[in-house]
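You will see two complexes here that share chain A, one where it goes with chain B and one where it goes with chain C.
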Partner chain A sequence: MVNVNNVSKTYQEVKVVDGVSVHIKKGKITSFIGSNGAGKSTLLSMVSRLIPKDEGSVLLDGEEITSYDNRELAKRLSVLKQSNNIKVRITVRELVSFGRFPYTQGKLKDEDKKLIDESIHYMNLEAFEDRFLDELSGGQKQRAYIAMVIAQDTDYILLDEPLNNLDMKHSKQIMKALRRMVDELGKTVVIVIHDINFASCYSDHIVALKDGKCVYEGTTEEMISNDVLREVYDMEFNVCKIDGNRICVFFT
Partner chain B sequence: MGYNKKLVLLLSLSVLSIVLFVFWDIGEYWDYALPRRLEKAWAIVMTGAAIATSTVIFQTITNNRILTPSLIGFDSLYVLLQTAIVFFLGGGTLVMMNNQFHFLLSVGLMVVFALLLFLFIFKREGKNIYFLLLIGIILGTFFSSISDFLQVLIDPNEFLIVQDAMFASFNNTNTELLLLGGVLLLCATLYLLRYAKYLDVLSLGKEEAVNLGVDYDGVVKRLLGIIAVYVAVATALVGPITFLGLIVANVAHEVFKTYRHNYLIPGAIFVSIFSLLTGQWFVEHIFTFSTTISVIINFIGGIYFIYLLIKENDAW
Partner chain C sequence: MKWLVAGFLLVFFSILSLFIGVSELSVMDIFSLSSEEKDVLVVSRIPRLISLLIAGMSMSIAGLIMQQLSQNKFVSPTTAGTMDAARLGILVGMLLFPAATMMQKMLVAFLFALAGTFVFMKILDKIRYRDAVFIPLVGLMFGNIVGSITTFLAYRYDLIQSVGTWLHGDFSMLIEGRYELLYISVPVVIIAYIFAHHFTIAGMGEDFASNLGLSYQKVVYLGLGLVALITASVVLTAGMLPFLGLIVPNIVTIYQGDHLRSSIWQTAILGALFVLVCDIVGRVIIYPYEISIGLTVGVLGSGIFLYLLLRRRSYGL
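Our next item is the complex of A and B:
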């Protein structure tokens, strides 16, 4: 359980995140939605200690996140940001091996290698494992990074726009993999996501941000409704039920 | 070719260059020449290793292969320190000053500068490594302008003393400082070994390093301090060699094509030793001391730098 209490962040006198309180439930997928500049990524970065917060607290299983030991925290919570323009020559397998760093500090044992193999298998990357990262497509690269996070084997996984720049097929693959990680491995996943229909079909819990404030928070059924979405995005939605999923129509 | 094979090849090249440098045309008075040549070779090996290591680490921290420590003003600070001593205390002071004391003073001031630069910028929030670099480049220009200004004002005879300290040359290496420099480098290297395991992770970038449980600010601060010691020792021994680090770090990256520092750093050290010793051999036997090695290094390095800028034009 992650409790975010009254967290704020100010950049040059603009409150990007303004007193947000959110509860992230264990064993669920929680999606942060909202327009550009609503503060989703900033909130995610503060929850994952990538940037310091100005006010408030983030409690991971009851303890403030910044008081954790760096290495211990890296065994419990992992985070993946959207800009992964890596400049070093590194193969997929080597990247995934880095996921074991918090445990091994660089010296891989047999059980680590087994976990790395499993992570590569989990993301269907066996065919690419010896290819260099800069030779891969955006979707393959994203899967390699997610495989690294799986190898890191943390209870909490935070992802900032994992579908960014991916086509529909790869987006679906990534979301299905995240769903399986929650259902089969018992992970807790938090994502920042722009595609409202992917959020609707795959998440358990949705948090809506607007102008740095949390305007709505609830289960997917409560959140994917015409009234809530109109308020969050300032535009008209038409939520339809298709094959048991709530699909938002807003294109025309 | 495997990484180990390449490393052995580079090692043999550098050993070969040491042998060439020490024994070529040694003549019949070898009992006079040999200790002097060995001393010089030792100074070159130390300088080469220090510049190579500091540049590779610096490029890893900044995730950029065009930047070097001299770019954030480390070299120009050294020149400013020497100029300031001559300007305020007179040329006699630099000549008379206890060499070891002067050396430790320079190294100490440079480490303090590196840490101040770091603390000043990193204590203010939202600032990143690029801001640090920008400030460093501006400070570097500022330091050289002040040095120029002071040099114009001083007596021409005293200017010669400053000039002597400003240009890299192994012909007038400070052999007295070899032992002290060696001890300092050894201490810095032992300290570096404790943080070496983080280097590979740092090459993935700041966010990945934090995600993987690295105390980013603490580790980068210590690494910058170590870099400052390396640069200070190398500069105090022979003077600034701007482009050497750039060349050797990039050659090491090209040869090994990996992120692993247990290959990159030794590789860069061997390339550095090889190029310095063969360069110095050319200076002594082909150009018969009509030029200094820094001219050669800066000539080749400058061309390589332009090549890098053109080649990597759209890659960064």
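Our next item is the complex of A and C:
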């Protein structure tokens, strides 16, 4: 359980995140939604201690996140920021091996290698494992990063726009993989996501931000409704039920 | 396989290096050396070979670490002002403490190299326009500013000739008793190897490193410290070896990738080989006179640098 209490962040006198309180439930997918500049990524970065917060507290299983030892925290919570611009030439296997770094500091034991193999298998990357990252497509790269997070084997996994720059097919692959990680491996996943229909079809819980404030928070059924979405995005939605999923129509 | 060949070439050129020079010394005589020949070998040839090997290895590794930490393939002790700062440090050391020992000079040079590199990294943080080629240009400008301060001070205190000798790397003066400082680089390189994983991860970016529980700042400080130590010891003994830390790691990266655990030894071997060959070329081209290695490395190195620049799209650098 992660409890976010009243956190704020100010950049050059603009409150990017303004007194947000959120409860992230264990074993669920929680999506942060909202327009550009609503403060989703900043909130995610504060929850994952990548940037310091100005006010408030983030409690991971009851303890303030910044009071954790760095290495210990890396065994419990992992976070991936948008990583398309990393140009480092390492192989997929080397990248996935980094997931074991908090445990091994670089010296891999047999059980680590086994976990790395499993993670590569889980994301269907066997065919690419010896290829350099810069030779892969965006979807393959994203899968490699997620395989690393699986190898890191943390209870909490936070992802900043994992579908950024991916086509529909790869987006679906990634979301299905996240769903399986929650259902089969018991992980807790938090994502920042722009595609409202992916959020609707795959998440359990949705947090809506607007102008740095949390305007709505609830289950997917509660959140994916014409009234809530209109207020979050300032535009009209038509939520339809298709094959048991709530699909938002807003294109015309 | 390739690296076996490189290793073999390294041994071959090392032996060759021992037997090139004004004093006749033949491989055939190795078991029947006169005392004079023995002296040539022990006092001059062997120290020279050891310095070449250590300087080549350590400068290349210094470049590798810098490129990793700055996430830019064109940053190196030459293109980040580190060498110029070390040179300024040596001059300041000479001015303030004329009676200083080699170790004390080393310390001043190290502190200057560290500070210079640090200032450059701070400038990097401030630059918005982060084109891969733009950054080494800024570094070269910064290095030249530091260099002009050195020249100014040298003129004022009539030391221009001494400064000139550090401007051009030269191994001909490295005889017994004058090269031992280079041994500092040996433990430094071993430390670099031990922390190879840390440097590679830090090279993936601060957020990436924090996610894995790595203290990014500490690793960057450690890396820059190692680079400054290597640069200071090399500039103080052999002089400036331009472009070495730039081209060698870039060539290795193309084949081997950026994981330091696998690239660090190959960078070391190739770096040593490159310096060794450049030195031999400089020694035979106008035999019995010598061209300083700073010149041969500079000419060959800048040529390869240009080639890498032009080919960078295809290598994804």
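We take it that the second predicted complex is superposed on the first by the 250 of 252 C-alpha atoms of A that agree within 3 Å, B and C clash if a C-alpha of one lies under 4 Å from a C-alpha of the other, contacts with A are read in each partner's own complex, and residues count from 1 in each chain.
One rule holds for everything that comes next: a residue touches a chain if its C-beta (ideal position, glycine included) is under 8 Å from a C-beta of that chain, and two chains touch if they have at least 3 such contacts.
Remember, predicted model here, so these are calculated numbers, not experimental data.
Following the superposition defined at the top, how do chain B and chain C come out on chain A, clash or fit?
With chain A as the common anchor, chain B and chain C collide in the superposed model.
With the two structures laid over each other on chain A, which partner does A:C201 touch: chain B (first), chain C (second), both, or neither?
neither
Applying the document's definition of touch, where does A:P52 land relative to chain B and chain C: first, second, both, or neither?
first
Is A:L44 in contact with chain B, with chain C, with both, or with neither (first, second, both, neither)?
In the superposition, A:L44 touches no partner, neither chain B nor chain C.
Name the contact category of A:I24: first (chain B only), second (chain C only), both, or neither.
neither
Looking at A:I150, would you say it contacts chain B, chain C, both, or neither? Reply first, second, both or neither.
neither
Both chain B and chain C contact which residues of chain A?
48-50, 70-75, 78-81, 86-90, 94, 98-99, 101-102, 105-106, 152.
Tell me, which parts of chain A touch chain C in their complex?
Within the complex, chain A contacts chain C at residues 45, 48-50, 69-75, 78-81, 83, 86-91, 94, 98-99, 101-102, 105-106, 132, 134, 152.
Where on chain C does chain A make contact in their complex?
71, 196-198, 200-201, 203-205, 207-208, 210-215, 253, 257-259, 261, 316
Can you list the residues on chain B that touch chain A in the complex?
63-65, 125-126, 197, 200-201, 203-205, 207-208, 210-215, 253, 257-259, 316
In the complex, go through chain A and note every residue touching chain B.
Those in contact with chain B are residues 11, 48-50, 52, 70-75, 78-81, 84, 86-90, 94-95, 98-99, 101-102, 105-106, 152.
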